[in-house]
Amino acid sequence: MELTQLTEAIKTGNRKAAGLLTQEAIDAGVEPKAILNSLIEGMDDIGARFQKNEVFVPEMLIAARAMKESMVILEPLLVAAGIRPEFTALIGTVQGDLHDIGKNLVAMMWKGANFNVIDLGTNVPPERFVAAAREHNPQIIGLSALLTTTMPSMKSTIDELKAAGLSNAKIVIGGAPITQAFANQIGADAFAPDAASAVEVARKLVGSQSTAVLA
Amino acid sequence: MELTQLTEAIKTGNRKAAGLLTQEAIDAGVEPKAILNSLIEGMDDIGARFQKNEVFVPEMLIAARAMKESMVILEPLLVAAGIRPEFTALIGTVQGDLHDIGKNLVAMMWKGANFNVIDLGTNVPPERFVAAAREHNPQIIGLSALLTTTMPSMKSTIDELKAAGLSNAKIVIGGAPITQAFANQIGADAFAPDAASAVEVARKLVGSQSTAVLA
Amino acid sequence: MVLGGGLVYPELNFTLPTMFVNGSTMPDVAAQYREMITGALKRASELEVPGLVVEFETLPPMTENPDWGMEIAQILLDELHEASVKHGLKSVFRMTPNDTREMVRPPVMRSGELWDNMIELFDRSAAAGAELLSIESVGGKEVNDEALQSCDIGQVIFALSVMGVRDMRFLWTHIAEIAERNHVHAAGDTACGFANTAMVLAEQKLIPRVFAAVVRSVSAVRSLVAYECGAVGPGKDCGYENVILKAITGFPMAMEGKTAACAHLSPVGNVAAAACDTWSNESVQNVKLLGGMAPTCYMEQLAYDVRLFNEANADGPEAAAMLKKWLVRSDIGLDPQALILAPASAVKIAESIVSAPNHYRAAVAAGMTALNLITDAYNDGSLKVAPREVCWLDTIKEALEELPEDESTFIASMMDAVNTTTFRPQDYDLT
Amino acid sequence: MVLGGGLVYPELNFTLPTMFVNGSTMPDVAAQYREMITGALKRASELEVPGLVVEFETLPPMTENPDWGMEIAQILLDELHEASVKHGLKSVFRMTPNDTREMVRPPVMRSGELWDNMIELFDRSAAAGAELLSIESVGGKEVNDEALQSCDIGQVIFALSVMGVRDMRFLWTHIAEIAERNHVHAAGDTACGFANTAMVLAEQKLIPRVFAAVVRSVSAVRSLVAYECGAVGPGKDCGYENVILKAITGFPMAMEGKTAACAHLSPVGNVAAAACDTWSNESVQNVKLLGGMAPTCYMEQLAYDVRLFNEANADGPEAAAMLKKWLVRSDIGLDPQALILAPASAVKIAESIVSAPNHYRAAVAAGMTALNLITDAYNDGSLKVAPREVCWLDTIKEALEELPEDESTFIASMMDAVNTTTFRPQDYDLT
């Protein structure tokens, strides 16, 4: 069977078609890895168009939902074959700060880039970052803040992560008042000026070769 | 004789009268210290009016010039009596910066407050501050900068002064881009937001009791 | 000082640079606010502003700890008093406690320690002399955040006209009572966390501008509730929907535009000025610019903006109308939100709101009116719409048309559609 | 892009935050400028400005090391080119080498390494595509600094109309030659180090505003020399005297006002806009504001200011005149400098300058005309003058009246009066 139809279903966010075509492919005996790649190709396409400002977040979201529909069916086969996301990312808005959206967009973008994303929510104290990092062993930890008065919480969080010996995870920070200079100052590994660039930044940090490993 | 006339001559910046009345007082056998105090009283009055924005720099300047006219006559007697300015202040615009006026105004204000002021000019490298501090043993060192790109020279200067063991002089910084936060950051002892406040700041630093020891 | 009496006043707001707010930093925090207010008031006096509104929008720890919030409020009130005595500077103080109820998730909206402390801060600041009480209330944001990302106008309408309206009715009844008891004014709210979030996402090209414009129009229905509960304006600066509320209520409104670029970029820099009674910079951190501390620099910019508005007003209604025409025309051809915030559009949206039988239908009507204004202007060539956005005109229209007539049917369908774990239905009378 | 053709363009300038400029920091310096220009151009494109002037005013080390200056200039030129190709953004690049001749005291004005490097930077940047050449030249500042502090108008006139004029004649002959050879424009100079210093000192209440206003008027005689030597405008933004020069030359002028509060406070925030062909923010550091990096925020503010000007202009000369009337009226009753920079005043000052037999007499005439305008307005109640300043009206008048008719007599008396150790008389043909 032709997987291009499945890729197209992801690109256009056709959830129903995505599910049906995935099942069809499995039934036709197509390799799980090949099916996954066709999904990735679809996400790759929409992601590139998003980066070029040709489509918006909702289009990204419906593509991601279509992908999810496929993955529900595909995942057990991938697990059985030992195929899993290469990288894990932890993300949260730091203590004292309630801002959601920027953090959510980055999480969505990272999921789209085939990161296993664990979202700790908002107002996350340093100790919860530390505990979650111990549990999930992430390669990337993303910290978000929108208030000048919660920016110092980023530093506390980084300090506690380092003190806990969790310094092999790369830390990337972002949010309206954040700058590269601040990132340098508090010992973050990187600064992402916006959601779209967060993927590039994260990939660079983990040294991922793929320009678009999406899943 | 009445010294109030001399005080008045200083206040109004009447240079000629200041000189004549000083000589008269000396001839009449008035104590040099008493004459000095009458001058100080005049400068004190004009200084207070300047702080209240009632008079301008030029009025301060002509009062200072009248005072100088008196001092030319009075100084030998003061020296003979062992009466000299209590404090010495060094001042200069830091390396790379050519801005004069702010620094000059502070120098003028400090002179008015009876500091012995040594003005190193503009574009002063750290080593010249160090050499001058060794020579003059100031209680106060004033650093001025008007460019964001010469502010780091303030830090270099402070670092070199400290490295040279000259850290008993109190360092005060100022200039358009300077803030208290920057002063703290580079280890300055104080920040003077403008020329008028520079006197208060300097007096506080040297722990001078006098609210207006002017000469 | 009469707000809304024809003269436009600057309204200044400022905030801390990067620093913690806690017990040990409170002396520094206080010093920062003292520095900001003294610098700004000095400049306002020098420029002889006809009067000034100073807004204190607290940071979360200052609402959680009313003593801290009051310490800063008192510093500001004292400095305003001193500037009045020393320099004859007339001023009004607006107190805007940060809505901290969402510090826990799902938020507890009507009780608990967060609620108690917030109400305490309103009460104590009103007693201390805060003449205007405002808030950027957040009820409904639990659903709206997600709705914006998926550009789901139905869910936005649920968040704003069902959840938002119900929360504001509860909250503003309390604020109005506090204002009355303390003989001060309940001023107004803002759809900041809803429509400004949409606007900023659109500026970042993350969602369509046409969608953000429709959200703005819908948001008016929610912000209107403050006035239904007794608020009298001026509505809070960042509520760009204030122009619509002014058309409905006639109350004076704070507005912000180009001179709030320090706080966020916007496509409505000039048009927003066309209906302002106070003109604001939204918020600027206390950082150093070459000209002075940023709050002082922005005080100067507001003062000159306001001088211009008042000079035109001084030449009579025709002159004032001419300046407004230029301010409006400068923006409305380039952005759909600018178009729907032009006073003429605002009147049409206001009409559609007041003719509706309930808040829900008002929200749908406001959205549809905005969408029609945008579509008509696009079709007649007077409004640019980016090619990638054009399809959204139909998408939003269809979504609006599919919404049921009946509010309870709508609520039932939305309670199925949205993520109900993000909020407490009982806090919105939705159980 | 036609400057002076009726459409007003924004003119943006930006500078580094706190950092060293040296060989080892040049990569960071370059990154800063790249960040500033890309952010600003992105916003300018989004707001669809009709065109843009970007000024690069170098910092001293970049004039001393032309390679560094050129590295940054090339980054800016490349980004302007890219924005033009990608987004159709029209732009003009103004190169303003910092006048480094005063790095040694007394300054060597006409030769030496500092001079050579400065001229090299002009030449190379013109060859690279800098269409406008400008400078804030400093000849005469050696005397003017002291003259301002003592408010000695005779010495100010000596500094400006003798020293300044002679230095500018020498310098601008070179710049005009470079411009011609490279087919770019000698744009113009500014009395920044003279009249803006006076204005800022007056804002700080250190010298009288009336004195600063007279200094401004006198400074026009000096800045005019650039045009006498072949400059064609637009005169540099911070030259508030440009309005007088425009009345004389008819050339387009850059102006700055309220939206330059980031760089310095001023009493002429609106009136300065009444004669602008480009509208500038003077200079803003690359610091972060909540809305974005400060250069981006100021780009937005300029864009909206300019939209308003152009909307009024689009309605024809009467409409444009009405907006100008408001801009002027907003400021001229409150500050003497605002009064003398109103276009109507500027014409009178311009007339007194062009009727004078030489630069010296022109300076005296300009000062007297300004003083009379101020005195008349004070007397008829249309201008506020602070009580402590009133006596200065007579003081300055007497000082002006006492100045000799004959230039050589004046020069001889001034060479006795001023501190001649601060400058090299031979650099001013004064030996």
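Some observations on this one:
By written order: A, B, C and D. Residues from 1 in each chain.
By definition in this document, a residue touches a chain if its C-beta (ideal position, glycine included) is under 8 Å from a C-beta of that chain, and two chains touch if they have at least 3 such contacts.
Remember, it's a predicted structure, so these values are computed and weren't measured experimentally.
Any chain that touches chain A and also touches chain B is listed here: C, D. Both chain A and chain D are touched by C. Relative to chain B, the chain whose mean Cα position lies farthest away is A.
More inter-chain C-beta contacts link the pair B-D than the other of B-C and B-D. Between the CA-based centres of chain C and chain D the separation comes to 39 Å, rounded to the whole angstrom. Chain C has its Cα centroid 51 Å from the Cα centroid of chain B. Here the spacing of chain A and chain C, counted between their Cα centres, is 33 Å. Multi-chain contact residues of chain A (touching two or more other chains) are listed as 148, 177, 182.
With touch defined as above, residues shared between interfaces to two or more other chains in chain D number as follows: 15, 17, 285, 288, 290. Taken as a graph of touching chains, this assembly fits none of the simple shapes: it is neither a line, a ring, a star nor a complete graph. Applying the touch definition to all chain combinations yields A-C, A-D, B-C, B-D, C-D.
Residues 17, 288, 290, 293 of chain C are the ones that touch chain B when the two sit in their complex. On the chain C side of its complex with chain D, the touching residues are 15, 43, 46-48, 203, 257-267, 269-270, 283-285, 287-292, 294, 296-298, 300-301, 303-305, 307-308, 310-312, 315, 319, 322-323, 325-327, 329-331, 334. Only residues 15-21, 59-61, 102-103, 105, 145, 148-152, 197, 201, 204-208, 285, 388 of chain D touch chain B when the two sit together in their complex.
Here chain A touches chain D in the complex through residues 148, 176-179, 181-182, going by the rule given at the top. Interface of chain B with chain D (complex): residues 53-58, 61-62, 96, 98, 100-101, 104-105, 108, 121-123, 147-149, 151-153, 177, 182, 194-195.
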